[in-house]
Structure formats: C-alpha cells, structure tokens
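Here's a structure for you.
A, B, C and D label the chains in the order they appear, each numbered from 1.
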C-alpha cells in the first residue's frame, strides 16, 4: 500500500471546475458569434478564426519553448486567437491577423513571462497594433448579407461603420433594429448585439467571467452617453447608437473581463469598470482614433494594480477596526492631557533625505533600471573590467 | 593592441551605451526612423562625445562638481555646428525627418552624466578611447535600428526603394521602444551564449 | 479669460494627450534613473518646470528673430542651451548664497535636473510648433508635469514586474523598454497620428 | 463584494458515515478510583466534577486543551453561554455530530454536569446546517438542550461568535469531551478512546469509529476495509488534514477528526495563476490572497506582514476555490511560519 501514496497539500477536496473548464466555457461562448459572422459574411470569417487560432497557438508553443518551460496545456492563446479576428472586418487580408497574433503573443506575453504574468491584454494590443498599422484596411467594413470570397480580392461593397459616422457627428443611416440584429456593417463579431449579449450572460451565469466589470462598465458609459450625446437625437436613441457601435458591448464582456490584467478584488473591479467607462468615453469623443476601445483598455491595465492597492488599504482599515479605534481613543486622551499642561516642543531633528538622481559612488551607472539585477551584478562588474 | 580591441568590443557588446546602460534611448526610439537619421544621429553623437570627453578629462576635473555641467553643455552645444554641416552634406532635408533629435543629443545623458561621472576620473587617452568606443556602440545600434525600421516601414534603405512597405507603422515611437527592447534582449542572449561557451571551454581545459 | 482657457487647454493636451515621454520619447533615459518615491519625483518636476518656464520666457523674443535664419535648426537649440546655462548658473549661485542647507541637499543633482532632454525638449517643441507666448508657457508646464506623471506611472508599473516570471534575457532594460513601448501604444491611440517633432 | 460573502459552499458528502451507528473497536477499558465513589451523579458538586475530569484526563477535541483546565479557568459570570461544538463543516467528517445523534442521553448528561460547574445562562449545541446532500434532518433538541443550526458557508467555526450577545464571554466545549465526562461520572472510566470518521471513495463501508488513542491508521482502515489501493491517505479533516505516507506508524490522537482514503490524488501539479480573484472572494477574513501569494513566492516577507498574513486561519477555502489548482493556503501557511521564524531571529 505504501509505494503508491502521493503527497498533496492541505485541502484534499477541490472544486471540480478548473482553468480548462473556464477557458472552454469562453470558447463555447465565442462560437455562436462566429456562426453569426459566418451567417452575415460567408465562410471567410470562419477561415479567419481558424487562422487566428493556429497562428496564436503555434506562436505560443514557440514562445513557451523559448521561455524554456515545458508547454503547459492552457487555452489562453486560443481565446486570444479567437477574439482578434472578431474585432476586424471580414474582408481583411490574412497577414494582418497573423501579425496581430504575433504581436499579441511575442510582444505582450512571452517577454513578460507566459500566460499568467502578462501586464496588458494581448487581444487589445494585437488589435491596436494592426489598427494603427493598416487603418485603411481595418476601418472599412463589407456590407452584410454578402459572402466574402475566401481567397483573392473581395468584391463586396464597402461601407462606413456607424462608429465612424458617429465620430463625425452625423446620425448613422442604420436604425437601431439593424444594429441590434447585426445587419449594419462593422467589425466581424461586434455588430450582432443580441448574440453578443446572450453569450456574455451565458459566461456570467457559468461563472467563467465575473459580473462586476461588464455591469460597472456599461452602466456609467450609457449614463455618460445619455448626458453628452454626440448627435442631436433623443438621449435614449443616442445611447443606443453609441452602445451598439464600435465593439463596446463585445469588449465589455470579452476583453475587459480578461482575468489576468483586471483587478483582483471585486471592489477594484468596480472601480476599474467605472474609470474604464470614463476613459473610453473620452477616447471616443476626443481621441483621434475611431476604435478608441482597445487603447483605452491598455491604459486601464496600467491602473489595475493601483485599484487593488486602494482596496487593500480600505480593507486594512476595516480589518484593524478595533485596534485603530483604540489607538485613536488613546490619541485623543493624550492630546487632552497635552492641552492641560504645556510641554516644551523638542528641537526638530534635521532629517536627511536621500539625494535624488544618480547615486554618486557607482563608477559606471551599471543599474540604470531600478529593477534588481541582483544575480547579474558580479557578472556586470567583471563585464565592466573587460 | 589585442587588449584595446577586446575592450572596444566590450564597449560595443557588453557595455553598449544604449542597450545595456540605457543612456540615449529617446533619440533612437523616436528619432531613428531611417538610415539617414541614424547617420545624422551618429555623426552628431561623435562630434559631441569625443570633445566633451577630452574636455572632461583635461579641464573638467578642476571645475567644482556642481558647475562643470554648464561647461559640458556649452562645449557640446558649440560642437553642434560642425555636426550640422556634415549632416547637411549627405541630405538637404535631413532635419525635417530627424527634427530636433540630433540637436537634443547635446544635453543627453552621455555628455552630461557619463562625462562627469566617468571621463573625469580617467586619463586623457583612456577617456578619448572610451568616447570613440561609445560612439561606435551607439552608431552600430542606431544603424541596425534605423535600417530595420526603414526597411519595415517603407521598404527602402537610405532612400533607395527595394520592396514595398511590409509594416507601415514601424517608424512610430512605440515600435522604436519595442524593437530596442528586443535588440537588448538579443544582446543579453548573445552574452549568455558567449559566457556558456566560455565556461564550457574552461571545463574542458580544467 | 480666453487666455486662461487657452493656457489650460494647452497644458492639458501636453500633460495627457501628447505626453512628452510616450509620444515624443524625450527624456526616457531619465525615467530609469528617477524611478524613486513619487514625492521625490514631484520635487524634480517642480524644479524642471520652474527653470524651463523661466528660460522659455527669456528665449521667446530671441526665437522669433532666429527662426528666419536659414540655419535655424542648429541656432535655436544652441541659443536655448545658452539660456539654460545662464538660468542654471544664476540659480546655482542664488541657491549657494541664500539657501545653503538646501544647496547641500540637491546641489550636485541640480545640473542633471536642468540639462536633460526633457528640459530642452520642453523648450524646443513649442518653438518648432511656432506657438505664441501663452500657449508656449502652458505647453511647457504641461510637458514637464507630464514627464513627472509618466515617471510615476512607469515606476509603479516596473515595480509590478518583479512578480512576473520575466525570462532571464529580458530582465532589466529590455522588459522596461517593452513596457514603455506598450504604454506609448496606448497613448498613440489617443492621438491618432504621428506628432511633428 | 468580498465583504459580504464570507467563505465558500461545500457539498458535505457526509452521507454513509452520519446515519450509521458508531462502531466500537474491541479494547479493554481503564478505570480510575476517586475518593467519592458513592455520591450519586446529581449531587456531584462543581469541584468534584472538575476532579473527575482531571482524573479521567479528558482532552477537549475542539482545541486540544485539557477539559478540567477549561472548566476551572472559565468563569462565565452572569449572562455567559456554553456552546457544545458539534460543528462538522468539513466534508466527509461527522465524528462530533455522530456523538450527538447516536448517544443523545449520555451527551445531555455530560452537558448537565458542565452546566453545574459553569452555571451558564444559556447553553445550546451548535451544528452545521448545510448537509443538503443527505436527507438527514438535524434534530431540534438533544436531551433537553436546543440545537442551534450554524448556517452560512465553510468555515463555520469563525462564525459561532456572531450568535453570541455582545460583551458576554462564552465557552466552547466539544461534544466528545462531554460524552467522556458523562462516562467518567457514571462508570469512572478514563478517556482512552477518541471518535474518528473513516471515509473516502476507496473505503468499503465508511463509518464513524471509536478507537483507542494511539492506534495506527492502517489498523483503522483495515477495520473498515478498502476496495482498492488508495493514492492518498489523509489524517485529520478533509480541508485541514495532512497527507501521510506510512499509515502503519501514524497514530490517531484525540484531536484527529478523521481518516480519509482517496482513490486519486491531486498531486502538486498546478497551472499558472490567471488572477481570477476567486481566492480573494472566498477568504473568510477578507484578505488579499492573490497578491499575498505573489509576495510569498517572491519572498517579500515585509509586504506579507503589511497585508496581514497573520490573520489567516488556514481554512483552505482559497485553495479549494482556485481553478488553477494552486496550493494557495499551503504557500500562505508556510510564509506565515517563515515570518514567525524571522521574527524570532529578529531579522524582520
């Protein structure tokens, strides 16, 4: 009996749901959107999705080989590979999707250390890099209900998306129903609002994604759109136009809730949602870019640790409620005594502050970066004498 | 001669001013868009570093530490004029694409910090040699980066068109940072390989 | 009143939208030397903005004259460096005479605070954009405050890198550069086009 | 928000063990001789009961202290409450509840003796309510003492204090200790046995057993029979126990709650953390578990202290919930020990 016994850590009962099940839920939530894209734009959207998945997973295998760790069977690159084509138009050439996936894996994930430690949302960075590089390709969308040829030049008529006409301040010439059902031209996966919302709710019910970020993003954003409409239409209508154009709802359910880069605590997620709403609102109104959502998201990823730190300080006070209130009472008592008998104020010690800028004694400014190069210091020194 | 060559290579690879010490990053990231800009930056860098090193090694020591920075800035500003004429020689409209970056080299970290921290303590010959090697390191990095970005963004080298543009956004500042980051990583990788092969040869010999 | 609005709008654009580090990459090597406590960095930016506004004021009439000159690409920067040197030496001696104990604290580093790319960039960019006096000052102050903001943001981001499994060859300068690149990608999304330098 | 949901929901899997009667291992009992053998049980005075507990060396299984010390020191004063701990909120484990259910009259006798010593104003038996996967109804009263159902999520221990009136002190005594006190009073029998739940998907007939203290885990497992070779054997609770390698020389003590034999072991393989924040959500003490794990792995003990790792009660809720199968609780408990070590050496 003895030889087969294995060691395992404290809680010997574990939840049945694992990372793999969560990721498969997200993939299942993305498939109906691909079906709708196939319905509107023909087989090319499926081929684009396939290209996205293959390039992302191959590159991430290469990356994990490069990181010299054995490739762990995780599905995050597949999700990135599925999300990127959904933000692009259906008739985009294949090399753009491959370059977006390459940027998403090789610039965002591999240098920062694999799946768990990327500081930015790979899908957002991938899409932003493609949108900046080929704006004329990314921001013109084929008209729906016409199959785009899978290979070769696409002959489908091109039309501007409602988001573009909104950024010019003109009322888009598609009514709200069109945009709900997705017949308005736009990014492949982000126009059929009903299907996207349904998949989002499916994700929230399956607990693969938390419900706080999308809700705390969509509510303030719609409030802002109603207060400051860009187009002279009734506030409710302007809200619908703003919300249904420009991949806002798709981004709220699939990109904003990416677990690695969003804050960890629920209160932090709330703060992130609200500030993301404000930043996306500003980006869309004053940004020079039609698709401001992706770059606003990258900015929000920078502030997620700050929201966590705020939460932690609030909770720290709550946890130490009693000890803090006791010390406060003691403080008040001490102040009362001080008021009664005057005390000679001790001379203030001149506290020396560490001089900013370059520490003097380093012969060559070897560590320009504050990140500790501890294990490389000696090797750096003997390199200096080289 | 072998020691100097080894030290010069050391400056270029192991103590590359840009990739390892992180000295002059902004100019390369935003200013170094094509090969001509790289050449302009390197020439200006040469004309600034060598005289300032010389000045620091000889006169700089005597000036009190807080005040020598002014002289370095004025010397490098004075050296901007000859650099201007040379830059104008290889292309008239160089300053439209390079903008203010060649002129900004005058107050970059090399003449201000590197000279007052290192060149003052070295002898004249060593400071001069150090200055030349740093310029070499900078020029190599600038050339590689400039060529890569020009080829990617407009498919041409020094203005002569080779292919059509592969990645038009390569000349933007954020791609400059990312490419610099990857070049620095490749440099670390090369250093690793050299160190490992060095250790392996020591094991065989020991 | 409209002057104040113009000043404010110029300052805000320079502070957030056209941040000096992320969109023009001026003074990035300072970023690595300065990643210290936010209070320290704020003092630094105050010194920077003070000196650059003063030298901007002095340099404004000279700039108008020199722009017509055909070698203006070189003469304007040299003039500004000379003005910076003048302002620096004046503050150097004033500090030495009137506030000696403060002088010991930041004496040696005052030089590096004044003569860096961020300071000269703050003077040259409004010059090459031919802005009038009010927006020059606004833009200058905005750029130096933007420098402080960027240093704090990147400083905070870089401390978070310790908990990522960064591979060995990317540690130190390379990963900081890639982080900076991704941040300026986000700011580029706000601007939408490449800024003239 | 994480402030309101405290702890996690666990299916208790208590079924075959709870309703089956306790199997008693054949053993000879030890007796003690006290100097007042003839006084009837209901005239025993407080000191005599404490003397009985001391002679019988009864150990309270909820916290491992000696029962007579607890009885001596606990002066409840007016308005105090006595709580009988029969809360088995860990899956598989029901050793304390089985005492209350299968031997109610002995338990109520023990509680009555304790009441005479402490003279509390209110006494009740605490039981965990969420045993949903079995059609077992928790009794309303055991003997003449009411049963208060402790609701909420795992871990329930930390929530018992919430049911008490503010400002009044209270005593928690385990149900098995009460039983041993009753036996000591009736047959002046020493405490030589302890109650252990034997469970797991490999055990042939899982049930609660009463075994002498010090018997090895292997003998107990043979008592209940094994259908196949287990991959992991756990000594203690299913959430806070530890995996053992040699069952033949690991012995059972009064505070061991159960022995669990599992067919498949999780091992220590885990994916990378994707920062989903569920461990923060599950922590009953509202600690920032996700960042603390990162600090613990990076070895930053000062930051860990700042994030209050000392308040971690080691309940294992975070590791249970983690989808990447990371042993968050183990890392934090190890870091906590390192901090105490560092504090002792004065490095921190």
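Keep in mind that, in the parts below, a residue touches a chain if its C-beta (ideal position, glycine included) is under 8 Å from a C-beta of that chain, and two chains touch if they have at least 3 such contacts.
Everything numeric here is computed off the predicted structure, so don't read it as measured data.
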Between A-C and C-D, more C-beta pairs in contact link A-C
Expressed in whole Å, how far the mean CA point of subunit B lies from that of subunit D is 68
Between subunit A and subunit C, the Cα-mean centres are separated in Å by 30
Distance between the CA centroids of subunit C and subunit D (whole Å) is 63
Per the C-alpha means, the centres of subunit A and subunit B lie apart by a whole-Å value of 36
Residues in subunit D with touches to at least two other chains are numbered 272
Multi-partner residues in subunit A (2 or more other chains touched) are 107, 111, 114, 116-117, 129, 132, 358, 365, 368-369
Multi-partner residues in subunit C (2 or more other chains touched) are 29, 32, 108, 112, 162-163, 165, 170-176, 178, 181-182, 185, 188
Pairs of chains in contact here are A-B, A-C, A-D, B-C, C-D
The answer for subunit A against subunit D in the complex is residues 1-2, 4-15, 17-19, 21-22, 72, 74, 76, 114-117, 210, 259-267, 269-270, 308, 311-312, 315-316, 318-320
Contacts from subunit A onto subunit C in the complex sit at residues 66-68, 107-108, 110-114, 116-120, 125, 128-129, 132, 283, 286-289, 292, 294-296, 298-299, 302, 305-306, 350, 352-358, 360, 365, 367-373, 376
The answer for subunit D against subunit A in the complex is residues 1-3, 10, 91-92, 218, 229-234, 238-247, 260, 262, 265-268, 271-277, 280-281, 285-288, 290-291, 306-308, 311, 314, 316-317, 319-325, 327, 329-330, 333
Listed in rising order, the residues of subunit C that touch subunit D in the complex are 162-163, 165
Within their complex, subunit D touches subunit C through residues 272, 294-295, 297-298
